[in-house]
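Dropping the structures in below, format is structure tokens.
In the two complexes that follow, subunit A is the common piece, with subunit B as its partner first and subunit C second.
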Partner chain A sequence: MYIETEKISLNESLVDLFNSNRSLLLRASTDHVNALRMQAIDQFKKIGIPTKKDENYKYYDLDPVFSRKYDVHFSRKKIDFNISDLFKCDIPELDTDLLILLNGWYYENGNHDDLMKQGVVMGSLALAAVEYPQLFEQHYGRYADIKSDGLVAFNTAFALDGIFIYVPDNVMLERPVQIINIVMDKVDSMVQHRNLIVLGKNSKASIVICDHSLSANQFLTNSVTEIVASENSSLDYTRVQNEHNGAAQISSTFIHQLADSRVSTNTISLHGGFIRNNLNVMLAGKGCENNMYGLSLSDKFQHVDNSTLIDHAMPNCTSNQKFKGVMDDMASGVFYGKIFVRKDAQHTHAYQGNNNILLTDDAKINTRPHLEIYADDVKCSHGATVGQLDENAMFYLQSRGIGSKEARLMLMTAFAHEIIDQIKVDPLKDRIYDLVNKRLRGELSRCNSCAMNCN
Partner chain B sequence: MENDQDNIIREVTQTDYKYGFFTDIDTDNIPYGLNEDIIRLISGKKNEPDWMLEFRLKSYRHWLGMEMPQWAHLKIPEINYQDIIYYSAPKQRIKPGKFEDVDPQLLETFNKLGIPLDEQKLLTGMAVDAVIDSVSVKTTFKKNLAELGIIFCSMGEAIQEHPDLVKKYLGSVVPYRDNYFATLNSAVFTDGSFCYIPKGVRCPMELSTYFRINAANTGQFERTLLIADDESYVSYLEGCTAPMRDEHQLHAAVVELVALNDASIKYSTVQNWYPGDKEGKGGIFNFVTKRGMCKGKNSRISWTQIETGSAITWKYPSCVLRGDNSTGEFYSVAVTNHHQQADTGTKMIHLGKNSKSTIISKGISAGKSNNSYRGLVRVTQNAVNSRNYSQCDSLLLGDKCGAHTFPYIEVANKTSIVEHEATTSKISEDQMFYCNQRGISTEDAIGLIVNGYAKEVLNKLPVEFAVEAQKLLQISLEGSVG
Partner chain C sequence: MLKIRNLSASIDGKMILKGINLDVNAGEVHAIMGPNGSGKSTLAAVLTGRNLYEITEGQVTYLGKDLLTMAPEDRARAGIFLGFQYPIEIPGVSMANFMRTAVNEIRKFKGQQPMNASDFMKLIREKIALVEIDTKLINRSVNEGFSGGEKKKNEIFQMAMLEPMLSILDETDSGLDIDALKIVANGVNMLKRPDNASIVITHYQRLLDYIVPDFVHILYDGRIVKSAGKELAVELEAKGYDWIKNHDGDE
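And now, the complex of A and B:
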């Protein structure tokens, strides 16, 4: 009973936060965004932050995460340093178009003139709502269902800025687009940004998102990304999460695929106190292909939660999921996967795999690979394993003079390799391979890639 | 060929439920409804000691505060618990036990079901406890078993004659507050089977309970308790049927198994309750809680189930692997047709070291039915070196049915290995073509493939049951692949 009353007060306090800043929020956005905002807060009042009673959140209690005191910024803060000095994500030989988000706000950095000539739009979401209202309104809020999840409703109610990317029909981006998402503040803060990525017909893009925390404060990020892949478009979407142990990150990604589109996502969770990735894919056209890969490496008291939903709404689509996790120390991991095949989605091929390694007796993994199928001419399968490093392989390596620590590392690297191999941009693949290697050696900390050298 | 297959499907869907007859016997019914007086009445009719009545009332009071579970992938129509007769007994009995005392009409009923209660006619090697509606009418081979020290009787008798054993183990595996239907059962259960296998005894024959719902508007709430003492072995079978009726009837049973050190229990079920008609009218709601406790070291519990009947099945035979080196097994074939719904599976809770479990589940759905596998494998931190292997396959026959898989895997130590795999598909055209071109008709080919598909589980059944199960599968399935 006690918990019940506390829960109500948490949701109420979050609604209060909205009400007391309502005018600031409404003033900052267009009517379209604000209309959604009001719907979302009404919906949030009804469902609130998911609890452990919620089937999709039963293994992790979000209450303590949201109950901390956070500052929320309702306008873009002026910064007195050059944003590009802040962070050097050194991927050798990788030439990218860089977009920077600082605490959920887009900061101008360099120009993308050559892309603009092709009709590509990249930049602030808030600005795009004003400058490209038709395009924006056609997609914004259409794929992220506020009814499905209280966190999405919460984001929709509060989101002010984020990244907007539009690739017109028949345009193929040569360079990957890199979004660097930084949280850095002198106070504990809550960040809720919103991204919208629209790919036109026959277009092609490769997007890399790097999440970093650059100050030791506690952060909570609750972001929503909507992606539309139009007919015959192709997207590679890679996310590298590397935040410190005091950071909580919830990212909900909604991918809407139209006929013959191909989307491949890669989620590499290297570091972070609490990470929750919701990946929702709607295969809304015939002949789509979707690949989802994920790798999570966690130790200490970290928790990584990967949740996927593939909705096969149309026939002849293919989906393929593979998530791997290595849990060390007291870390815990969760995988919720769901393949949903609708009644008329014949000739569906869907595969889902989840492999986990537990390195200590205090580490935990909960996995829940679900299939829900209403069509008969399908081939669906899933597999899940939980185990440890192969003793025979360890023995083999050690008998050849390789130390047990090194042998363990080699085997773990090999385990992770299957996921990293799926990254299609070679320099990026090398870089992530390098990062994972460092991570497994325990050399990677939040300070490694930071120019601030604060501690 | 498409047409052929459609015809065959139609034929199969027209197949009548063989056991749908009703025997007109005088019954002793109590009034409709559920309240403390009814529970006192049931307890009084069975002449139960006070502790039993206490157990019932405690359960009932707890049940009042509970809500019906909604998490299953089932559409369950509203059930009016006041509109059920909780006790119905055929009015024949003078005193159970002697063959001559059994009403000939009842014997006829069981003969018709293929379960002769006359010991001379009975298949040797199988002892039967026949339960009709709320009471056990006859237990065969009791004397032979008693010579070995085996107690095999109805639950009502056990409460009278072996109160210590019942007191010790009743509710020890499925506590009275376990879940909605188990709590309801704890409050109103009327009969069921009780079995105790003493130390070091290997039960020489298959024990079996046959459940029959006969009277209208009744619910059947039976309770089975099976205890295998150290180093003993028993194989137990369960079968069930009901008449065809337009109304739904509720069947909420509880089965508790206890296996002590080095004991082994094999529990097999062929469930063939009336599934309702082609439009989904009528049929039994089968909401059953079955759980086995591997209490001792090296103990072993194996569940085998063939689920073909019931309008709605909600059933998760589980194993709590508490003893070190204990083993749990679950083999299941679940078939749904027409408008049937099944949400079935298992739970394997690993608590002891080196515990092992195997799950083989085969779902077959046809018509407009929905068939779900739901299973939990939990390995706790202390259950080091545990091992689980799960395989859940679904076969879809027709484009209007659904097949779902909801596994939950929770592992909390580094030395255990858990594997799960599942596939969903239909019989491929290649397989059909291969059979056809070798002169095997479509119907035979389907029978062949489905039987092959389910073989892994059918093989686990005792011989006496395997034949019946295979026949059942043929009736429910053969040719129904589209």
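And now, the complex of A and C:
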């Protein structure tokens, strides 16, 4: 009973937060966004923050994460430093178009003139809603279903800014777009940004997101990203999560693929107190390909929760999921991988794999495949393993003079290799390889935890 | 160099080694033969520090040190090498990375600086030539997808890279064609020095035509039941092990 009252008061207090800032929220956005906002808060009143009774969230109690006292900012803060000083890319060979989000707000940082000439739009979500209403309204809120998840409703009610990217038909971006998503504040804060990425027909893009926390406060990020890959477009989407132990990050990504599109995502969870990744893919056209890779490295009391859903709605699509986890100390992890193959989705190929290494007896992983197949001509498979480091391999390395610590490291790095290898931008791959190595060596402490080595 | 006294070891309560005595001096080549399951690989594993086995009795000293208390990597750094009967595949670890790490860990132990990239490549090329393996194997994952013969040659390649004092080669000859056998034997002979020694475990007298042993021992049911010169291998080839069974405990 006690828990129930607590829960009710948590959701009520979050609704109160909305009501008391309602005018600020409504003033900041367009009618379209606000209409969705109002629907979302109504929906949130009904379903609230997910509890462990929810199949999707049964392994981790979100209550403590949401019950902390956070500041929420309803307008963009003025900053008294140069935003680009926050970030210095130390991958010289990695030439990217850089977009910076600070506490969920887009901050102008250089222009992207050459891209603008090609009709590419990159920048603030709030601004895009005003400047490109038709394009924006065609997609915003279409893919992230507020009914499916209280956290999506919560974000839709509160989100004020984030990144908007539009790549027109037939445009292929030469450089990767890099989104640096920073949380940094003098107070504990909650951030709820929203991204929308639209790829036109036959277009191509590579996007890298780096999540960092740059101050020692407690943070909660509840973000939603909607991605549309139009016919025959191609997207590579790499996310490197590197926040400190006091940071909780819930990131829900909704990918909508149209015919013959190819999307690869790679989610590298290096560091963070609590990480929840919801990756939802709708294969809404024929002949799509989706690859979803993930690697999580966790220790101490960290928790990484990957929940995937691939919805094969149309025939002749291929999906391929591979998630790997290394859990040390008391760390815990979840992989919940869902594949739906609808009645019409003949000739579907869907593969799912989840491999885990537990380094201690206290580390834990829950791995759960969930396949629902309504078509008859399909090839689906899934497999999960949970194990320790291979003793025979350890001995082999040691027998050549390699110390046990180094040998463990080599085997863990080898385990991670398969996932990192999928990253298609070479300098980025090398850099992540390096970071993973450092992480496994325990050299990636909070202060230099910024993956890109900001100073 | 190596003194084994009354060494007994068991696994899951099952006695496998039942009081082994053996002395190996610098410059010597010892062959150990014996039927399947007699404990040859177990002896090799116990000497190199595999922790699966429980040592129930006995001592082993290596260069004056108590070997059995040393970690496997420390035994390797002190110059002991095991050529595995069944080399392990390690996906995701390249041969080059593996060997660079091993060479440098051993150098670090000796107080030497890590080897620079060009010296290391030179060393690799030199040793590859010795065992005639395909250079491409160096960029592949350790033993992954190697043929049986490639795996065995790879063991000798590693031995050549690490230049051990005492090498224990566990059936490095099995699964090799006659040319490969010569290459392996040649590799072993070229690495032979007055100050190092080797223990060669084999089932076939054939290998001993190329690697000429100073002593041949027969391991039977966890004990060395007979030791003699190289002629013992010839005798075994002719008579099989039944003859030994009758001599059980003779030594």
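Criterion: the second predicted complex is superposed on the first by the 447 of 455 C-alpha atoms of A that agree within 3 Å, B and C clash if a C-alpha of one lies under 4 Å from a C-alpha of the other, contacts with A are read in each partner's own complex, and residues count from 1 in each chain.
To be clear about the criterion, a residue touches a chain if its C-beta (ideal position, glycine included) is under 8 Å from a C-beta of that chain, and two chains touch if they have at least 3 such contacts.
Note that the structure is a prediction, hence the values are computed from the model and not measured.
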Combined model on subunit A: subunit C and subunit B, fit or clash: fit
Partner, of subunit C and subunit B, that touches more residues belonging to subunit A: B
Which superposed partner A:241 touches (first subunit B, second subunit C, both, neither): neither
Touching partner for A:371 - first (subunit B), second (subunit C), both, neither: first
Subunit B versus subunit C as contact partner of A:155, first or second or both or neither: neither
Touching partner for A:233 - first (subunit B), second (subunit C), both, neither: neither
First (subunit B), second (subunit C), both or neither touched by A:414: second
Partner chain in contact with A:383 - subunit B first, subunit C second, else both or neither: first
Contacts of A:277 with subunit B and subunit C, given as first, second, both or neither: neither
Angle at the Cα centre of subunit A, taken between the Cα centres of subunit B and subunit C once the superposition is applied, in steps of 10 degrees: 70
Partner chain in contact with A:401 - subunit B first, subunit C second, else both or neither: second
Superposed arrangement (fit on chain A Cα atoms) - minimum subunit B/subunit C Cα distance in Å: 13
Footprint overlap on subunit A, where subunit B in one structure and subunit C in the other make contact: none
Subunit C contact footprint on subunit A (complex, rising order): 390, 392-393, 395-404, 406-407, 410-411, 413-415, 417-418
Subunit B-touching residues of subunit A, taken from the complex the two chains share: 55, 343, 346, 356, 358-388
Residues of subunit C defined as touching subunit A within the complex: 48-51, 71-73, 75-77, 81-82, 84, 87-88, 90-93, 97-98, 101-102, 105-106, 109, 141-142, 158, 162
For the subunit B and subunit A complex, residues of the former touching the latter: 71, 73, 379, 381, 384, 394, 396-426, 482
